[in-house]
Amino acid sequence: MEFVNIKLSPRGQLEVLSKREVSQLLDTSLGGLYHLYRNCSLAVLNSGAQTDDARQLLENFQSFDIKLLQQDRGITIELIDAPATAFVEGRILNGIRQLLFSVLRDILYVNSHLAIPAEAGESVTNAVFDILRNADVLKTDSAPKMVVCWGGHSILRSEYEYTKEVGYELGLRGLDICTGCGDGAMKGPMKGAAIGHAKQRNKTGRYLGISEPGIIAAEPPNPIINELVIMPDIEKRLEAFVRVGHAIVVFPGGAGTVEEILYLIGILLHPDNQGMPFPLVFAGPETARDYFQQIDTFLTATLGKSVRNYYQIIIGEPARVANLILKGIRKVRKYRKAQDDAYYYNWLLKIPEDMQTPFVPSHENLAALDLSLDQPAAVLVANLRRAFSGIVAGNIKEQGILTIEEKGPFQLHGDPQLLQMIDHMLVSFIDQQRMRLPLSDYHACYEIVA
Amino acid sequence: MEFVNIKLSPRGQLEVLSKREVSQLLDTSLGGLYHLYRNCSLAVLNSGAQTDDARQLLENFQSFDIKLLQQDRGITIELIDAPATAFVEGRILNGIRQLLFSVLRDILYVNSHLAIPAEAGESVTNAVFDILRNADVLKTDSAPKMVVCWGGHSILRSEYEYTKEVGYELGLRGLDICTGCGDGAMKGPMKGAAIGHAKQRNKTGRYLGISEPGIIAAEPPNPIINELVIMPDIEKRLEAFVRVGHAIVVFPGGAGTVEEILYLIGILLHPDNQGMPFPLVFAGPETARDYFQQIDTFLTATLGKSVRNYYQIIIGEPARVANLILKGIRKVRKYRKAQDDAYYYNWLLKIPEDMQTPFVPSHENLAALDLSLDQPAAVLVANLRRAFSGIVAGNIKEQGILTIEEKGPFQLHGDPQLLQMIDHMLVSFIDQQRMRLPLSDYHACYEIVA
Amino acid sequence: MEFVNIKLSPRGQLEVLSKREVSQLLDTSLGGLYHLYRNCSLAVLNSGAQTDDARQLLENFQSFDIKLLQQDRGITIELIDAPATAFVEGRILNGIRQLLFSVLRDILYVNSHLAIPAEAGESVTNAVFDILRNADVLKTDSAPKMVVCWGGHSILRSEYEYTKEVGYELGLRGLDICTGCGDGAMKGPMKGAAIGHAKQRNKTGRYLGISEPGIIAAEPPNPIINELVIMPDIEKRLEAFVRVGHAIVVFPGGAGTVEEILYLIGILLHPDNQGMPFPLVFAGPETARDYFQQIDTFLTATLGKSVRNYYQIIIGEPARVANLILKGIRKVRKYRKAQDDAYYYNWLLKIPEDMQTPFVPSHENLAALDLSLDQPAAVLVANLRRAFSGIVAGNIKEQGILTIEEKGPFQLHGDPQLLQMIDHMLVSFIDQQRMRLPLSDYHACYEIVA
Amino acid sequence: MEFVNIKLSPRGQLEVLSKREVSQLLDTSLGGLYHLYRNCSLAVLNSGAQTDDARQLLENFQSFDIKLLQQDRGITIELIDAPATAFVEGRILNGIRQLLFSVLRDILYVNSHLAIPAEAGESVTNAVFDILRNADVLKTDSAPKMVVCWGGHSILRSEYEYTKEVGYELGLRGLDICTGCGDGAMKGPMKGAAIGHAKQRNKTGRYLGISEPGIIAAEPPNPIINELVIMPDIEKRLEAFVRVGHAIVVFPGGAGTVEEILYLIGILLHPDNQGMPFPLVFAGPETARDYFQQIDTFLTATLGKSVRNYYQIIIGEPARVANLILKGIRKVRKYRKAQDDAYYYNWLLKIPEDMQTPFVPSHENLAALDLSLDQPAAVLVANLRRAFSGIVAGNIKEQGILTIEEKGPFQLHGDPQLLQMIDHMLVSFIDQQRMRLPLSDYHACYEIVA
């Protein structure tokens, strides 16, 4: 393990901090920001590292420390025992340097300047706006062109190559990329777009990563990301995606990707959002055909065939994916202009409160879910999302796994037909190795109670 | 009177407003920001106007209205019955347009995002910092070069020409200008510096105006000002001057200028500020020789001869003034570097709390002032400043004049010798026509009580 | 007399010189460029000086020398015994520095890279184009907005103020200024436009000076000029004006200004130029009313009333002048677009060869001029221009004065009526003190031979 | 085969053409530039194409035509039947668009403005300088950082990956890349550097391609190249490499690469160049170990062991290659500064005239070569380069192959020992498949005459 000690001189306006702010960041007491700031900074410093095991990485840098010094031209950051991978010839990579100051900016803003509202509703939407504006993400001088890419972190090589090709075609068309910061389908489109932008001499291409403190260590932003925002929690992060993005491409993934799809479909189904263009393409190479087939079957069976109005599935043909997104975004532009809505923030999109409110995956909450088919699609989709959220937690999130070990599998109630569809889909994901689970010894984290 | 109705499309990041902010600005109820926002905007729209009578001007535009519209590329400002002087060929002057958005920015920030502390102390200094940072005034990428120019608004023609010459020489030397926004000694140095900068091909010259809602209508910023900040009150405005400026030139003025000098001398006399370089030059043409002579006499007689360590008087010789300021600023630079203090904000300057706390010029407060000579200079100077603050109020501020009419002159207590010096100085200012008072029928607003 | 010795480090692409070029510039032999380069550089270094007597100025700097040094980042210019007025705090004014490198650029290009054609015609037009392009004067990224201002160098104070006001109104409207580099009507419009541009936050305002080696010492460019081109001779200089300008304002002047007016009218009268919009305004304050009246009378009497189609006279009303020019330029834009002609160079303008060919003001040439009224206007106007050219030379140009002293007055032949009109006009100019002549002892340099 | 017809509007200064220039470019007569201009443009339009067979490609576009139109904002290029691969969504790739205008610029400059000297010597060096300056390649505002990469076009996949890795490490260190424009070792370093630059947020990274009309069709510049210069012939192209580059990395290649090595070694051996730092690294992965071993053996055997002072061989370790180059360039910087030589053009490098003069590979010239070992190294190396130049021509250049078919193999005279070393090396290249030759049926194009 190699370590580096260094002082980073500040550049630009951002690093003008008041004395109050410096002391908040360095405050190691309970309410202080030090630990949050230190850990997010360390995550970003590991962005060059090629490993999946975030915990191990962080343990390797227990002695890492970060300090702030007031100097003549602004605030200087001092790093102690920082990962050597972030440096070349003794100097930090500028990309990582920039991300480091993004961490500083967002942690300060959210915790020192913003009052985050307690309940769901318009005030949450205003808070998400405030954070994004402070991070300079909302640009008034450009037409709609931000494409959000979702999908799994551990995907097949051929699927990864495919995400790069789609990114390349998007980049050639002048479109920007926004992802959740990690590997796989989060990284491929950015790499591809970077080449597309270079061939177009586009020096203002945006590679926007939207993260949150809970996952930034596990999925450190790759150094191509040239705009990083750390939202305070997962709900605000999801809201940021759908308000900032002008179109969404979903690449293959696992149960988590299904959860994201259900979140978005749940929003699009809301009556207030009818008539609003929102380009949504499910795209993958030949190997992903079955995956999207199953999702399509599940969505139409549960929410009705009309749900297909909201998405399009494309296998292969990266240029066609990009062309479709481009055409869709042109409609978005027209619509926003006609409605006097901002290009840079989708104020008009109605997010139902049960999507905006966090769902805690406890046995009680999951047992209480109504998974019957004879309820309005808008209600059912919200419950389905919660069910998948619980399954994801029970499978891979630390707190969820502990809960299962202690109290046994979650109990899901509802129509047997619906419950079997869910079960069937998840089993096939496991067969396709789309979920990071111990294959030999897999015990489902849920039980179907008819 | 000519009027213009127009919609101003937004440009740049600033004009990205949340729905909450728009509704606050348009809120005409008691706590709402509409009236403040409308009046400051109207003041700025009058910046081209060549008149002294602010009240008359504002009355001419009673039908003026301002609205905000959400549009695809940001917030659009709609002006109704705006002064035609702000427009050329049907389009607003870009300089005025920019000031208009500065008003929007500062009023929103101060009233919607900032919690202004109740008591004096470090938290005030942090708040002043926050406002200036939000206004993008604090630049990390430049060496110290901001020269604050103080002085009167209604000065002799020859004195006005002199301020232009000094400004020209400062501009040739790459120095920027900061003033209080109005006419006379506030405008001359900027005009001069603009020519100096042009000859040096300096396209980033700064003409910083620091105003406050209470005076912006009376002293609308001239259109050369390319950075405008509206501080919430006079105390924060004065603090902004001394924390942002790297040197101060005082041109001739009246009683108000004496008050400013006392404010600054009061700060510089503080023990914590000893050893800190702070270039201060009193400068004027031959006609101002007596003026500065009297001030010098007054200062040395009351605060001791050592007070001369803090300032230098130069009559004529504009290039020498600029050269002295330049050399002084080089010392400031060295000092800040050595002390690890920021170039862009003078954190180390100690402002005594009795300078930071507002003084209300009531009969009680003025009568309670201790104006005896046998007290420490640091205390005496604070009391002197309060006395002059009261006299200025009693002479020209609306509230002060009303108070005098109602209750008679202020009663000043203290050493007869000191009180006579004050009286003597003020009478000579009147003789020199440096104060906007009815000469024939002048009644002093104070009485000396030995 | 103060002198400065200094080395100027190069900045920007321009100063990349080959070894061949350096040795050409430093070549003091007959064909070498040293003397031309040295003298033009000295002229530019005097641009801050406030004097009319160029010869005296140059004599003061006989010891001035200029050298070129190859260094790591480009060519360094070394100045020996340079005028101190070009420096502040020991450093050269950036504006003058820039002009100095413009001199280097043009002298090298014209003498080392360009083959100037011997006869008039299209190849001259191509050469003028080449010089202007090399000087980066031809901008493809802007709409037509270059206003050429002509007029006298020694004009009344009120007339000078008027040229500033017109310049200010032009600048407010986003228009740029081009003049011949000198004082009076050459400087006022630029000063005014600079203020107009500043109020519009226009940082790309152009102040283009077009000079030639023969006059640059007598009329050094003022430091507001941010683009300087040195054309090889007076004919190319005049052609540069009319090909680069999109409109022309003529302020009051003397006989020289009449010559310029005749040059332009002669071009506009050409059949090929009919239908081409070319905004031309004669403008002055009340004091100039008679001046333009006389010119109008002369033009209509000699060339017919239809000549008034080509110009408009405005007395006072600077904003109206600017508005007229603005509207005229909009027509120019439409016309160029429709004709597929470049915005930046008026290729379509036909310059008659007798305007393009230099006229040598000898006794023979003047005596041979046909000044009879019964010839086509296009021919007459060319002869009239030559006559005025001769008179200007005989009055104020060194060579011309010597010729007159030696051989007596020029002999002008033609219609007595026409000759008297010329005489009448010139005498009134002398009465109005518009010509720099010894009033008491003036002997006309011409004789009318009926 | 897909075709596109399109008009490309101009952007930037470059495209301001005079009427004379336009007619030269469109002149299809013998001395006219049309064919040269059209063919180079077509080559550039094929830059996206993935094929080796240039002739086939060009044949596919026989109907391709190019026109120039004068328009309001500059010169517009019209393309008829252009390759569809250069377009996305009906618009040309900006990278290709830029290269297209580079072709225009260089062809015009070399053929219309420059007088290319007939003999070798300083005037050639000045002409090379003039072309590069006109192409804006010579930058005064940056420290030395241009790394020239040489090597073969058809290299092993592992070798190609290695060139990308070296490029990446160079890019991370802020170094720029210059190559000969083609595939393989010409493309890999640029791709790698682009990623390195992106991670360093370096938006001014340079990817300079230096080509010539004779090969641009066979090796079209890839679209990452953001600066393209077309030199008039191979000798000027080689001189451009060594005057503009601050260091050279040689990757594996074939006989052509040996020729390049001999050219450079021949220069470095010149007495005038002793003491001048010129970093030169031969680098490749494990598979290239033998290749460089043989070259090293050959160079030391023929030119003496001291030749090793001029280069260093590194197998693997891309970061070490970059680090060595970086250190070497720092020495170059110091040296240039100390010698007052330009950073952007190596004026001090002495190129022996027998390297600057073109060598025509005829039977006579090759037979006349003195390949004996007992001559000064400086002479021998020049003859060896000529020998290899002949072999390359005889193997793969059209004219050379025809000559061999007609007159039989070249006859090489000299020391048997030396001739066998040459033979031995070439045979092993064939065994390693480093030369594009028919393996089964290979007849050497030369005969050894002892």
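Letters are used for the chains, namely A, B, C and D, taken in the order the chains are written, and counting of residues starts over at 1 for each.
FYI, contacts are C-beta pairs under 8 Å (C-beta built on N, C-alpha and C of every residue); 3 or more make two chains touch, one makes a residue touch a chain.
These numbers come from a predicted model, not from an experiment.
Peer 1: Spell out the chains that contact chain B while also contacting chain C.
Peer 2: Touching chain B and chain C alike: no chains returned.
Peer 1: Compare the contact pairs of B-C with each of C-D, A-B or A-D and report the one sharing over half of them by residue number.
Peer 2: Within C-D, A-B or A-D, the interface duplicating B-C belongs to A-D.
Peer 1: Where the CA atoms of chain C average out and where those of chain D average out, how many Å apart are those spots?
Peer 2: Here the centre of chain D sits 48 Å away from the centre of chain C.
Peer 1: Could you give the separation in Å between the centres of chain A and chain C, each centre being the mean of its C-alpha atoms?
Peer 2: 64
Peer 1: For chain C, write out the residues touching at least two other chains, lowest number first.
Peer 2: none
Peer 1: Which residues of chain D touch chain A once you look at their complex with the stated criterion?
Peer 2: Listed in rising order, the residues are 88-89, 93-95, 98, 172-173, 194-195, 198-203, 223-224, 226, 323, 326.
Peer 1: Tell me, which parts of chain D touch chain C in their complex?
Peer 2: 10-13, 15-16, 18-20, 69-74, 113, 122-123, 125-126, 129-130, 133, 136, 138-141, 333, 336-337, 340-345, 347
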